[in-house]
Structures are given as C-alpha cells and as structure tokens.
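The same chain A turns up in both complexes below, where it pairs with chain B and then with chain C.
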Partner chain A sequence: MEEKISKLESPLKINRRHFFSQLSTGIGSLALGSLLIPDLLSGGAPKAMPNQPLGIPHFAPKAKRIIYLFQAGAPSHIETFDPKPTLIKRMGEDLPDSVRNGQRLTGMSSEQAKFPLMPSAVKYKQYGKSGAWVSDYFPHIGKVADEICFVKSMHTDAINHDPAITFFQTGTQQSGRPSMGSWMSYGLGNENKNLPNFVVLTSKGKGISQGLYSKLWSSGFLDSKHQGVLMRSSKDAVLYLNDPDGLSRSDKRHLLDHVSSLNKIHHVETGDNEIESRIAQYEMAYRMQMSVPDVMDIKKEPQHIIDLYGEDSQVPGTFAANALQARRLAEQGVRFIQLYHQGWDQHANLPNDMAGQAKDVDQASAALIMDLKQRGMLEDTLVVWGGEFGRTNYVQGESFDPKNFGRDHHPRAFSIWMAGGGIKPGISYGQTDEFGYNVVKDPVHVHDFHATIMHAMGLNHEQLTFKDQGRRFRLTDVAGNVINDILT
Partner chain B sequence: MAHEKKLIKKWIQQGAKFEKHWAYTAPVKAVLPKSEVSEWGHNEIDAFVLAKLEDNNLKPSKQANFETLIRRISLDITGLPPKQNQLKELLSDKSEKGLEKAIDIFLASPAYGERMTQAWLDVARYADSHGYQDDNYRSMWPWRDWVIHAFNTNVPYDEFLTWQLAGDLLPNATKEQILATGFNRNHPITQEGGVIDEEYRSYYVVDRTNTLGKGILGLTLECAKCHDHKYDEITQKNYFELYSFFNQVDEKGLRMMAGPATIKKYFADAPFMTITDNETAGILSYINKKEGDSIKVMVMNDSLPRTTFIFNRGEYTQPTDSVQPNTPEFILPFSDKFEKNRLGLANWLTDKNNPLTARVFVNRMWAMLFGDGLVLTSGDFGVQGSLPSHPKLLDWLARDFMDHDWDIKYLLKKMILSATYQQSSEVNQELLKLDPENRLLARATRFRMSGEMIRDYVLTVSGLLNSEIGGVSVKPYQPVGLWAETTSGTGLLKNYVQDKGEKLYRRSLYTFWKRTSPPPNMTLFDAPTRDNCEVRRQKTNTPLQALAMQNDVQILEAARVLAENMILENKDDTKTLHALFQRILIRQPDTEEFEVLEKYYTNALQRFENKEEKATKLLAQGTYKHSDTDPVKTAAFMLTAQVLFNLDETITKE
Partner chain C sequence: MEQLYKKRWIGYLVFGLSVFLLFCLCFESYIKPPVLVSWLGRWHPLILHFPIVLLAVAVFTSFTQKKVAALLLITATLTALITAISGFLLGLDESQKGDLLFWHQWLGAGVALFAALWYWLETLNYGQHIGTKTLQIILIFLVAITGHYGGSITHGENFLDMPKDKSYAKIPDNPLIYEHIVDRILEQNCVSCHNPNKQKGELVVTSLKDLIKGGENGSSIHAGNPDKSVLLNRLYLPKEDKEHMPPEGKKQLSTTEIEIIKEWISLGASDTLRLNDLKTNQPLAKLVTKMMSPNQLEKWSVLPIVQDSTIQRLESDYVTIRRVFGNTNALSINMYTPPTYNPDLILRLNAIRNNIIELDLSGLPIEAKEIEFVASCTNLESLEIDKTAITDHDIKALNTLTKLKSLKVSETEIGDKSTAVLSNFKNLKNLFIYETNISQNGIDQLQGNNPELRIISGISEELRAAFIQTDSIKKEQ
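On to the complex of A and B.
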C-alpha cells in the first residue's frame, strides 16, 4: 500500500501529519479528564466542524450524508416498482429470443429448456401526486412516493451475488478496492469526533439469504481509518468497546492518564510525534465508549417515533431497529451509514418469501423518510434503497405455478429508489421494455449511479482519486456519467 | 507546455540519450563511495548511506543502546521479543562480536522461520477458507508448514521460488516440491451456486499472473489485462503470454459445493495431493499432522493443456489471437534453453540477469527491517513506481544477494550488521523537519508492530506463548458471534468454535484465517484480507486499535497471568513493579517512569482495597488457570501490566 507517497500526490493534498496535528491540538485543548465533546449530545442536524481534516468537496454539496438501505440478494423489480401488464397477457409464453438477445444465464438456469413468462405475484397501485406505481407489498413506501425518485432503468455487469454486491459497494466486481463509504470518508472527512465516519448495520429476513462479508466495507488501498465499522446489536456494539467487568469508568480514566504520562515521557525521549497521535487515538477511543452506546440506545426514542418505525424497531438487529439507528447516527454527523437487509434471493417460493421480506422493510423505510423530513434533515441526507440486480421475468426451473415460483438473477434491468439530499422528489426515471427485461430509455449503469451519488455529495467522481500500484483509482473506474435529470 | 518544450530541447542538445527504465537493466555492484571526512560505518551498506548523508550535509545518528538493539533485532528476526532466560547471555558481550553472536542465535531459532512465513503469507494470499460468499474450509496449512521449514533450513530464494512456481515440473519431483506449488492455489475460489465456471477459472489464472507481477517481479501486470500498459512497456500480449504459463491446470471455476465439501473436515478441489502418515514418515516429516489423518492440499499440475487467447478488453467471453508462453523481452529475453512452461518461467525469474527478482526481494527485506523499502512502492518497480532513495545501494545488495546464492539469512545479517541499521531511532525536531519520512536514513525509523507481532509479543512476555510449530490453524479468542453475524460461512465456517487450552496461545500466524471474516485483532492493525497478493501493510494509528489493546481478552488475560507470575516470583511490590516493567519493555525503567508506575499501582491498590468482589470480577479474564495470589493485589498489578501493554513503546519497534 503506497499510502505515504500517494497522499503527498493526492489532488486533495491530504497530509497525515497535518491531520494528526489537527486532531491532537483539538484534544490537547481539553482536559484529559473531560468526558464527552458536547456536539455529540446536541440535537438537530450536525454542523460541519471547522478545520475539517479531509473535508474538501469539489463543489457545493446537496447531501452531507448517505443512508444506503441495501437489499441484499436482489429484490425482483417485477414485484416492487416496475409493473408490466404485458406479462399478465403473455403469462406462460416463452421469453422471445429477440428480447433475450444473447443475455448470458447463471449456472442455475443455463440448462433450462423453456423460459415461461410470469407476471407479478402482487398487484400494483398508483400513489400520490406523482402517480408512482408501487406494488402492494410496499404500502408504506407508496405513501411517501412523492418524496421518492424511482430509477427503473438500472443495469449492471455482474450476474451473481458476490461480484454484483462487490460491484455496487466498490465499483468493481473483484474484491480489493475501497468501499463507497470509504471513498466518501476519504473525500469528505469527519463531522463527528466521537463516532466512526462509516458505519455498517446488518439485518436478516426470513427469505433465502446470501452471506455478507467484511470486504464489502473494506477501505481497500485507502487508509484503514476509512474502513466501515460494523455496529452490532450485541453487547459490544463496536468490537472491543466494553471494558472488562470490575473496571469502572473512573478506573479507566485513571489508567489512561498514566498511559498518557508514560507516553509523554517517551515522546520527549524519542522526538517521534506518532506518540502524540497515539495519545489522541486513545482519547477518542475513550469518548467512543460513551458515544457509541449512547447513539445505539434506541430505547430513548419517544412512543410516536416507535410507532412510526413499527414495533420491530424496538427489537435489536431488525431492519426497523437499524433504520431508526441510522437516523440517530445521521443526526450525529456520521457520513455514510450502510444498512444491509438480507434475504431477497427468491429463486423459489417468491410470493410467500417476498411478502415477508417486504414486511420487514416497508414501514421502516418509509418511516425513515418521514422522520428525516420532520427534522429538516431529508434535504441534506440522501437515502438509497435497492439491491444488486433484478430478477428474470420468467420462472426458474421446470414447474410453472403462479402461487409458488421463483425468479433467477437478471442484470440487464432493475429498479432502485433514492430520496432526499439533491435528488428530485416524486419522479420516475428510465424505462424498461414491456417485458421488464431490457432498458429502453435512460439507462443507469452502476458507475452512473456512483457518479450521481458522488455529485450529490459535492464530489466530482473523476477527480476523487487515489494512487495505488502506479495507477490513480476512482470509485467509478474509467466510466460513469452523472444523471443530471434526477438531481435538483 | 513551454517548460516541457524547453526540457525536450535541452535533452536533444545534450545528445538525446534514451535509457531504459532503471529497474529493467540488470543491477551491478558500483564502486563503494569513500568518505573523506568520516570513518563511520561497518560494512558496504554504510558507505552508500554515508555518501548520501554527506551530500545532504547530514550526519548519521549514534548507535542505539545495546538493550534496544537486542530487542529490535529479536523482533526483526524472530518476530518475538528476546526470551527472558536468554537475555543474560545476549547482553553479556556488548561488542560488535557479541551482537553478531546474538544475530546468529536469533537466526538459528525456529521462530525465525515463523516470522518470515508470516510476511510471505501476505504475498501468497494464504487463507484457511475459500473466500467469496458461502465461504468454506480449505486445508492449505501443510503448505504453510513447508514454508516455515524452507525458511528455517535457509532454502535459497531462487529455489524457494522455483519450487513454489514449478516444483511439480522438476525432474523426479519430490512430494515436498509438489507441496510447495500450493502457493498458486492459495487464491480465493468461489462456490456460489449460479456462477459461470469459465468466468471464475479465468479469474484464478489472472490472480496467479497478478501475484507473479506484484509479489515477485514488482510490476503492475494487472493493468495490461485489458489493454497495453499505459506507463510501462507491458503489452496486453505480454500479459496473456505470462497468463498462459498458469493456464494449463485441470481445475474448475466453481468449487464443489454441498455434500462432501460441507461435512468433510479436510477438503480440497482437484488437483490436490494427499498427505498421510506415509508422507510424514518420510520427506514431509516436518508436517505437524495428527497421526492417522490424511489431508488434501491443493497443488498445481499442467495436465490440461489449453490454448491461451488474448481477451479483448480482458473479457473472458471475448477471445482474440492465441499466444504462447513467453516473458516480456524488455525485462529479459526468454532463453531458448528454458522450457515453455512454469519451470522455464522460474528459470527465467531466477536467472542472474533478471533485473527485477532479486531487487524486489531485497527491497522487501529492507522494508521489513527499516519500515520502508529503498523503493517505497514495494509492489511497483515500473515507471509509475517511486525511484529508489539509494539506487546504488539497492543494486549492490541485489547483486551481492545473487553472488551469495540467494542466501536469505546472509542478506538479513548483512543488513543488521550495518551501522545504518544499528542507529538510534531518536530524532530531533530539526532532522524531523528536514527528512520527516527518514528517506536519507540519518536515523533508524521507529514504527508500530503488526497485529500478529503485538499479540505474539504479549503472549511471550506474559509467559503464555505456546511455541509448537506448524499444524492446523487454531481459533483463539474472538468477539462472540462475529462469524454468525456476517453469515457468509457455510459448513464448518458458519460459527466460530473457539479452541481451548494450549491452542489459545499459539503464534498468530496459526490463527484461523476466514477470508470473509478475518480475525479482527489482525485486520484492525492493517492486516490485508488475503483476497489478493499484498506486499506492503499500512501502519495506521486508530481508536479501534486502542480499544482492542485495552479490551481484547487475549491481552487482558495475559496481563492477569503476568501479574500472578510476577507476584509469585518477587518478594515485594517494588521488585514486582520493576520486574513487570522489565518483562514488558525489555529494559529497566528510569526514575521518572518508575515514579509514575508506582503511583499508579499504589492508587490502583486503593481502588480495589476491601473490594475483593470487584477484583475477582476483573481477574475473570480468559480460561488460563488462576494462581493462588491475593485478588486485590493481583488486580492492581494486572492493571499496571495493562498500562504497560498499552504504551506506544511496547507495540513499537524502537
């Protein structure tokens, strides 16, 4: 990893020592025994800190933070936001070759003799002034349709979960590059001194689920302080957060003060300023021990908020609890909050499984939009909802049963939605053909999606680069166009 | 533009000489520079370093004190602090001779092979799981045992490489040589149900090619997979010619799923070799295998000749022209004497005219000892890589290494015996300003140890370290529920079942490496994920590291056990405090330091006085047996040990 040289050459001119000296002055001005920095406890939208170490947007950002509600496993676009009456009319017919047009198949349906078309397992309704179509699996999302921009023309290069999720998260199908959240952290810096900049929360539905893995929130070749921090619903919300039993807060303070004294003696002897930054990191760790449990404590929410997100929001580890958590983290200025809800891989038993999956996420997803709005935070918080690809318009396997069928992976067309910071509300963008198979208007590739999100955050996707192994890397690799039509 | 025009004009006026990029010409031994004013230095290395310092009007630093040096050398060679029972001997003769003797002791220790293997595992992207989702178990650890053995028996680097790249193709290949080829089967393998087999099979060949580039040649070959390299001379044709060396393996892209893979403890995909008691009774006697077990290890073979095509834009679905195995001519033409297979490739790599292989390895060894390589970009010696800070020194060392038959122990000893290496790491603000990154080497660089080294250090000084060598990977303490939460594991890798007893205290290179959820106390300290070849780790300083140091059971337990032992071994509190400090920092405290420590201890004791229950709670760390010591006192000493474990100095190579 070429961190040192790369940083000197980085267009953002980030200097590690500069960063640490900033940090250590900040801490030096506090009494070592002080507890929390007050900005954590103040409510409302966070303010950017002066002397932000990395915060150098390329132009005025619309969004300051992102909450990405990733639906892992790939929800079917046919049963979510892209109704296709033709499929009802042509139910059971074979997918015309002219429509398939050479699309490669996964190992799971490559042996299949026929590709009988199957319409949506659920009915659709139109909602709001925008008249957006939303399936009956998602009545709550329907009610906030006027806040949402539905993108129905997404497409990707990958056809299997691991490469496809990795592509969405890192801009490439193979592992090793930094995650989106790491790029944002690298490009925009931190708004909160007491919490990590990039937080990951996971939950799992009852549907067939594909595993998650830490490389999805890895910082790749970027400095590991940009790594996503998994916050868990278990006792240790952040790894190693809790002190051992028998050690009080005051014992800990006492211990750290002496660590610090001895470190200072050694600093004088060696002259190495890295020791100063070690002291600073220990202080931040100490503050995190307070700030993390505090921000994770959803029990503090009033009843009307609990009602808004649904009763699941009080069950740690559920999507609803994580959505509420996400709002709390956003309030504290966490830059990138990544949720994953697993269980959307409906190769079989779609009508039943998908109803359950939707129930897990529908109310809380909509609640998050409303909650952010009522706090005045929706305008600078970008919420994204979607999976890694779509699903086939035909059934997977040899049997054909409208009550119990499955759909295979489909990379060529699918739907996601975005809302808030910098995104036009109440619109639908892009269009698929009458079969829901190919994009026919305004295609949005994964690279375009990244470029657009970065734009909303005030970053030029071609300018935010990091040099590693002789090459300047971008989240968008060598592609990506900002979709201006969906930006405010 | 005007400036560039001028430059070109000037260049033409000077004769328009066009020279090959420095790294593509074979290294030569330059005449040693001789200083007119200074007598400083022990060996050739110092002559080059001193010349550069004098060019910059700088002087070298004084030699580090002997205790510091012994600790530094021990960490560098064995990855562990010096043993307490050896310290007296090691410190008895503080002359140059004494130091050399210490170096020899460390190099002869089996811990040396483990330390070197630890570094090689990053290059070889070693793991105990296949990676990708549905992550499952693989048994590649016998290959790791071979690496340890190879380093300990000081197998020359050219042979070390040849066996790993082409051991199976050597005439009358031994089982040992075949086992070594596991190197190129260490890459991740998918078992995701729906994948297209050929897509992934080609990924694996790409991985081997890129590993050859980054790990052995110091080249960013991967850039030329999709198009001719933008900066270096590597063409897309060059890339696929190299690719074709690795494209003859009879393997699958999708590893076998379900039934056998999930229930069998030892499972490998073809091609593999089987290690049974027969093998361990013979040439593979160093494989630390349970009697009766038969273990499958993936290895290389060339049993399925394939025609290799250049892929348009690097896409496996778009083959264009066919190519033959070959190597880039601008590095070194591929001799007719060499066979057009992996063995020929190994011969080409280890040809003494190859300009890259020795330089890249010598540079990485330098980085291991000095913190940074002479070429900062250890994985990129190409045009976009950084220039060497001391080009003649690098070349001298590379040539000298080859002249001494690629002898790794010789190379390390040469570096460690230099006055450059033995300098003090203390720095004044003036020097810090002039040379913040220490590129000129007017001092030693002090830097944080790796996560593995920190854990091993703590285990060693607390007396807990289990020094068994090799064998199946172990599962020490890890935060509960981590594997289950990420949900990517199948079969044996679904839930983390922590080991018990002695297995909790093995060296960290034996810690089970699950790619989709690697051990957090390693990754927090910048260990790579092992998905790809990595040659250089970052050295970050983060709050999450501070939390791990304070609250990882492994460390808390070590503090508790060390406190118990020190109480039992020493007569009074003052002696115990001294012993604690000396054990952990391998030196005596100065007066000021001792005062702080004593004050801390006294106060900690008060905090636990008459609170035996609180003390007992604190002491309930880990499963290691408790000694019969006074809980209040033990708690206070345990926390004192924690203060010391959490010092910057403890986790730093000074």
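On to the complex of A and C.
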C-alpha cells in the first residue's frame, strides 16, 4: 500500500505514478481555477481570494489584536449581566418542566428532588447612555458600559468544564485541535517578530477552581510556532529563556548559527517542517531574551495608571497585574493575549465567593478598556470577557439558604461581553427568557462567536483552513455564522 | 401512422381549440374567466416548452426525412394550442399590457394557429408541398421570436446583452435626491421586475407618479409617512418572509439605501429636493454624502503596485510591513524599538512611501529626517507618533498629509500651537492627545473648528476618581 503523500513531506519523496496523476490534476485544476477566481474589487461584501496567501487578512480588519479575559469556572450570568425579576417573584418555587425541557443535569445535581429558583445574590443597576444592566458585583464595568456590547444569548453544547473550555478555545469538545490564538497566528502572522504571537497569562481567585491545561493554547496540528506561550508571573517570565551563567549573548548567537546550519542540513534530507519551526523558535527565543524582560516590567508604569487598575496590579500573579501586562503586550504588537482567571465555579458559597472573584477582575477589566481607549488602541483591539457556560437559576444541593447557596452548570444560556475593534459599543445583543434558562432571541453559539471574532480580525472563518488527517479543518469546524448585528 | 390523420375526432379537437383561441383573442376585453380557469393560465410557463421542442423536431424531420410522423405533429399542434390558450389566460391578469406582452401574445397565437393550419394541410396530403414547407419555415421563425419575447418578459429585456460593466454614472454634485439617488437605488434593485414591460404586482417604479400610483397592494409610498409606505414595509420585513422585497436570491438593498429611502419619504418624497437644501447634520444629508464618497477599495486600487519581493527586502526584525488585506497595494508599517536605533530602517522605506496607508512609529527616537519622510507619505490615513520627541514644529511639517483619518500624538510635547495645524486636517476623524501640553482651551478650540472630530484626551477626572475609590463590594472572609 503506498503511503498517501501529505503536505508535510518533502517533494522529493513523490513516486512516478503520483507525479503524473498529480500533474494532470494540477493542469486540470489550473484550467478550472481560471474560471473561478473572482474579481477582488467587485464591491459588495468582501470575499477572500481562493488562493489566499497566509499571514495576511482576507479583508480589511477592524481589530488587529485580541485580549481575551477568560473567566474559567463559569461565572453565573444571573449574578453578572442578566437581571431576572421573575426569579425574585418566584423565589423558592420549583423550576417548571416546560422551561427545563429535558436539559441534562450534571452528576452533581441529578439526585436533587426539587430545583428551587434562587434570584440574584445582588441587585442590578442601569449604567450609561445605553442603559446596560450590570450587577452590583461589577460597578467598574458598569462605568464603561457604553463601550461594551453585552451578548446575553450565548449557548454551548458542553456541560462540564474541560469539554466546555476546550470547545471555546478550539472549536470542538475533544482535545487535539489548535486553539483560537494559534488559528489567528496562523492566519495573520507575526506583528512583532520579537515577541510570540500568542501569549497566555493565568491567575487564580479564591473561589472553587477547575484546572487549566496547556492543550488550551496548543497549536494542535498547526506548526508549533503558533503555540501559545505561557508567561509566568514570577521572576522568570518564560522559563529557561535566559542564558545560563557564563554564556554571553554573542556566544549564544554563534551557538544558534551553528545549530541552525546543522538543522538545515537535516531539513534538506527529511523535508520535515517541524525543523523549520524549531529553527524559527530558537531565533524567536533569542529575540525574546531582549524584549521580554522589558515588556514584563510593570514597575515602569506611572502611578496614575497603577491607580486605575487598582493596587493589585503591582502584585504579580493577580488578574489586575495580568491585565496591565496585557495592555503592555498589546502595545508591543502581540496578536492574541489570553488571560485566564480561575475560581468562578461557584457550586457553593456563591454570595461570598463571587464577591471576591468579582473584586479580582472588576476594576482591572474596566481599567483595561479605559486605558486602551485613552491610548487610541480600543478601536483596533478586541477585548472579550466571559466564561465557558452559565449557571443554573436554581440552587444546587438540598438546602435553600439565600446567604449561602451554589449554582450548577448551565450551558443553554449565558452572557459574555465584547468591546473594541469592530464591535458596536453600547448595545446588548440577544435575550434569555424570564427565568434566565433558555435563549429566546438572537442565539449566539460558540461557533458563531468564533466566526464573528475572526471576521472582526479580517479573516473569513470558512476560508482559513488547514488540511490534516485527510480533511480540511477550521476553527469553526462545519458551522458558525458571523453575527453582523454586533459588528460595526 | 397516417391513419391518425384520418381520425376525425383529432381534427375536430384541433379545430375546436383554434376557434376557441380566436374567440378569446377577439373578445379579450369582455372575458372574465372563473377563478379556477384563470389559475390554469399559471401553467403556461410549464407547458410552453413542449410545443417549442415538438414543433422544432417536426420541422426538422420534415426537411430531413421528407415526412413528418403524424403523432409528432398532432402532439405538437395540440400542445401549441393549449399553450396559447393558457398564455392568454395568464395575460388576462395584467391590466396594462406592455409592448413585449402584446407582441408575445399575438405571435404566440400565430404559432398555434399556423401549427393547426399545417396539421390541416397534412391531413389533405399537402405535407410536401412547397407552400407547406414555407409555412414550416415561417413557423420556426414565429416560435423563435415568440420565445424570445417570452424570455424577455420573464428575465428582463437586457437578458441576452453582453455583460457590460455595471458601473453607473458618477452622482453629480448637489444631486436631486429623487432623480439621482432614490431612482438610482430603485433602478439597481427593483426595475428588473417592476417596469412597464413586466409589472410584478402591477407595480412600476420607474417614475415618481407610478410609485405613488402603486399596484395591486395600493400606493407604494405615502409622502411624509414612512410607516404607511408599503414599499418600506416590504424592505424592512425579515428576509425569510414571503413578502420581503427584493425577493430572496436577488440582490438586497444595503441598510444605507433603505435608510435613504425612508428619510426621503419622511421629508415628503419630493422630486425637487436637492442635497444642498438639507442641513449638514440631517441624517439624509449624511447618508447621501456617504453614498457619494468613493468606495474604500476603489481608492486603494489606484496605488502603485508593490511586489512581495520589495516588501521582503525592506522588512527587518524590527520593521513589519504588510498589506492591509489580500493582495491590495495598501501597506501597513509598524516599527518596534531595536536595541540600537538606526534611522535608515525608516528612511529606506522611501521606495514605497506612496503605498503606506498606516504607519506606526510610536516610542521611537525619531527626528527631523524621519518626520520629513513621514510628510512625504501623502496617502497616509493613520499615523501613530505617540511617545516620541516631536514638537509643534514637526506637526506643522505634517500638513501635507491631507488624507489623514487618524492621528495619535499622545504622550508628546506638542502644545496649543499645534491646534491650528490639527484643525486643518479635513479628513481627520480621530485624534489622540492624551498626556500632551494641549490645554483644555486648545481642545475646545479644536473641537469647535471640527465638530465631527473625535478627540480623546484621556480619562475624565470624575471617571478616574470613581475608579480609584474603594468599591462597594466588600470581600467577606
């Protein structure tokens, strides 16, 4: 059985039969292709060219970079951005079956006999000219509500953390595919060659945490140079980046040159693309030695900026410090900056824990938006805030105590917000029913979310593909519609 | 087979249908068929394909085989007659017949009657007579012309024209809103089905009078009242709705175009209103100006061509050059601080200075030479020179950048002296002057000179104070 020639193998490995069959297919495709190339300047909706060169957007982008503030653990939409007066009226009543409609339960609440409704632990206020509803947990976010587009009709398929976060990051519930940041890096290329294209910063709150895995920022089957780089908050932002004692920078340069020439010989012999990736990564690391310490040094920030983000921003490893870091990285041209803040998994003790979690992120998230805005970066930076699913409107467990209750996972409806590049400010998109359980208007699935983000970055989500295992993959897999109503 | 010609009842049938057809044509204006009968007319576009092909085959065999199969000719004739009758019934629906429809009807009737005539001649054994042959040739021409007119009715008169460049004439200065804007929109999207030759829903949109007259659903526009205007209602319906216009599958109107129609109707749907009659901040004026300004992509298509090899040559570790998207020649250039700054990295971009649309030199120690270079990039639309050592003098040098839309000069030493120069950028939409020496007076002056300009000068003091105060959520431990 002949091996199928994959794109990664060297062109020298082809055999005669394949050569001739591919030659005729190629010439035939050329002929067909001459019929297919559309006129790029035909006006109307922008269309990507069929043989789109990589590293360039398909059409004029609105956003040049993304800062994704991922709230891992899933914050309750009922306590954040989706007020539900019906829950107050019907407090303690059982969730009607007509509303629940057979939604599967997790193992944690499947034994429950009743599902008593619990209203939000805090009150809501309306903010700004747009009149956006924001809970009292997030007063700072409320103050910048006029810059934000609240999407209240998100829904997903997964009901547990690992598959759900994987779904958000890679477009499928099973691991192995490239993450969002890797796709962006693959499609848009490097803006600043001295820093990685995709940076990840993590922080943990005091609430119940679920794990984070490096598969969430892996490059899957794409070249490993598109992988996310986790920058730590301690003295060494990137492990093993610095030279060992006794090795000077020029020595390092010589070392890299020689190693790279050996690698290149190997590459010619085997045609393995990963070797090229590796050479590129060594070079990137060399440049990062100079650029990373500079970019990670938040002590250089003036006092009024530190005040804006809050005193936490001087404490490495906190969300606020990461948010400030994200702004600095964005200034230096990093394409995709992902922050994770763990601890939102409030299965119990929600009123207390959420207060702490919210305090961790509220001021810094809003400050990030204001800071980007005053530097003129908000129009080309897309900021996203959200978790992997919502939480139930009924309490988890047998006791019903408004001072100490928990909510279980809820995939059918939740809220996120977006601001900045290409997103209409000051609007709310989508609605859930009066119980906050189902989406009733303008549903946005995770695939639609991905398609919309890619559109804002100038990529056609159906065109950015990569062939692996015999078929073409893309971030949105086989679904996803761009939500034009929230794009400018 | 020829025995078929002897069958009496076929002859009677052909005769009967021909007479009925003639009766319909002669007494057209007096006929009002029952609903189910007139519904049969809707089958015309389906049945008409049969006589076209069958007659063509019949004539073909007649010329090549020197005889025609009787069954073939009979079927062709009968279907021709039924088609003509159903076509007549369909035509009854239209109250006003355009030219095309008139000719189509009569030529189509001619086809059916000539076919019947041919059948009769065949029964009399004159099939190979020179007269019958001439009849067959005339018949073929009639079928072709009738068919062509029929197709023109359904698909529009210009259907067979060579595809020509669809660019419409440039909108003149101070245009008449109805004639140059609204009529243009209707022409691009609606006239193909709503013209005198093909009046879908009995509506014609080629003149203001016809718009007001309307069609089977009444008047299409209600001057001064957009809510009552059926035309607008149909445009606003969701795309899935059956009554949404334009129909699914046809080119849809953009939101700008729909808004223009709505505003024009609410201002009285007049045909004498001009752009200059409107105030500049009226929505209609803004929409029309937006429609008149050239498409972004078209502007960039006249830039000089820049090769990928040039880009690769001029790029470096600290200078990123990329096309804004696809294969456009508009370039976006970004420079990051190198360990040792070399002005040549910027100055050698001189070769592509006319392609640079976006330029980011923030944080670099640029001096006069670099500013001179920036000033020579006349197509620049977005410039970032924040966090540099530029002064008011340098800003003055940049007044060559007439196309500038966005300018970032935050965290620099420029002051009120620059407000005059900054006011002169006519296309400037966004200005970022956070942490500069421009006073509140200077900002007010700038805003006064350019009310449309968005000036970001930092976070307002009260917002900043609100951020810094201790927040209301106490972290309970």
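Here is the rule we use: the second predicted complex is superposed on the first by the 394 of 488 C-alpha atoms of A that agree within 3 Å, B and C clash if a C-alpha of one lies under 4 Å from a C-alpha of the other, contacts with A are read in each partner's own complex, and residues count from 1 in each chain.
As a convention for this text, contacts are C-beta pairs under 8 Å (C-beta built on N, C-alpha and C of every residue); 3 or more make two chains touch, one makes a residue touch a chain.
Everything numeric here is computed off the predicted structure, so don't read it as measured data.
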item: First (chain B), second (chain C), both or neither touched by A:N160; value: first
item: First, second, both or neither for A:S175, with chain B first and chain C second; value: first
item: Which of chain B and chain C A:T452 touches, first, second, both or neither; value: neither
item: Contacts of A:S218 with chain B and chain C, given as first, second, both or neither; value: first
item: Contacts of A:G189 with chain B and chain C, given as first, second, both or neither; value: second
item: Touched partner set for A:D245, first chain B, second chain C, both or neither; value: first
item: Chain B or chain C, by number of chain A residues touched; value: B
item: First, second, both or neither for A:T476, with chain B first and chain C second; value: neither
item: Chain A-facing residues of chain C, complex; value: 295-298, 301, 317-318, 320, 322-327, 334, 336, 339, 362, 384, 386, 406, 408, 410, 430, 432, 434, 456-459, 463-464, 466-468, 471-476
item: Contact footprint of chain B on chain A as seen in their complex; value: 1-5, 17, 20, 104, 106-108, 110, 159-162, 174-176, 196, 202, 204, 209-215, 218, 223-225, 229-230, 232, 234, 236, 238-247, 251, 254-255, 258-259, 261-263, 265-266, 269-275, 277-278, 281-282, 284-285, 288-289, 342, 408-409, 469-471
item: In the complex, chain A residues that touch chain C; value: 40-41, 43, 46, 48-49, 52-53, 55-61, 136-137, 139-140, 143, 189-194, 287, 290, 304, 307-308, 331-333, 352, 355-356, 358-359, 362-363, 366-367, 370, 373-376, 379, 458
item: Chain B residues within the chain A interface of the complex; value: 131-135, 188, 190, 192-197, 203, 214, 220, 222-223, 230-232, 254, 317, 372, 376-377, 379-380, 382-386, 425-429, 432, 436-437, 446, 448, 479-482, 485-489, 515-518, 520, 523-524, 526, 529, 531-532, 534, 536-538, 540-548, 550-552, 556, 592-593, 596-597, 599-600, 603-604, 607, 614-621, 635, 639, 642-644, 646-649, 654
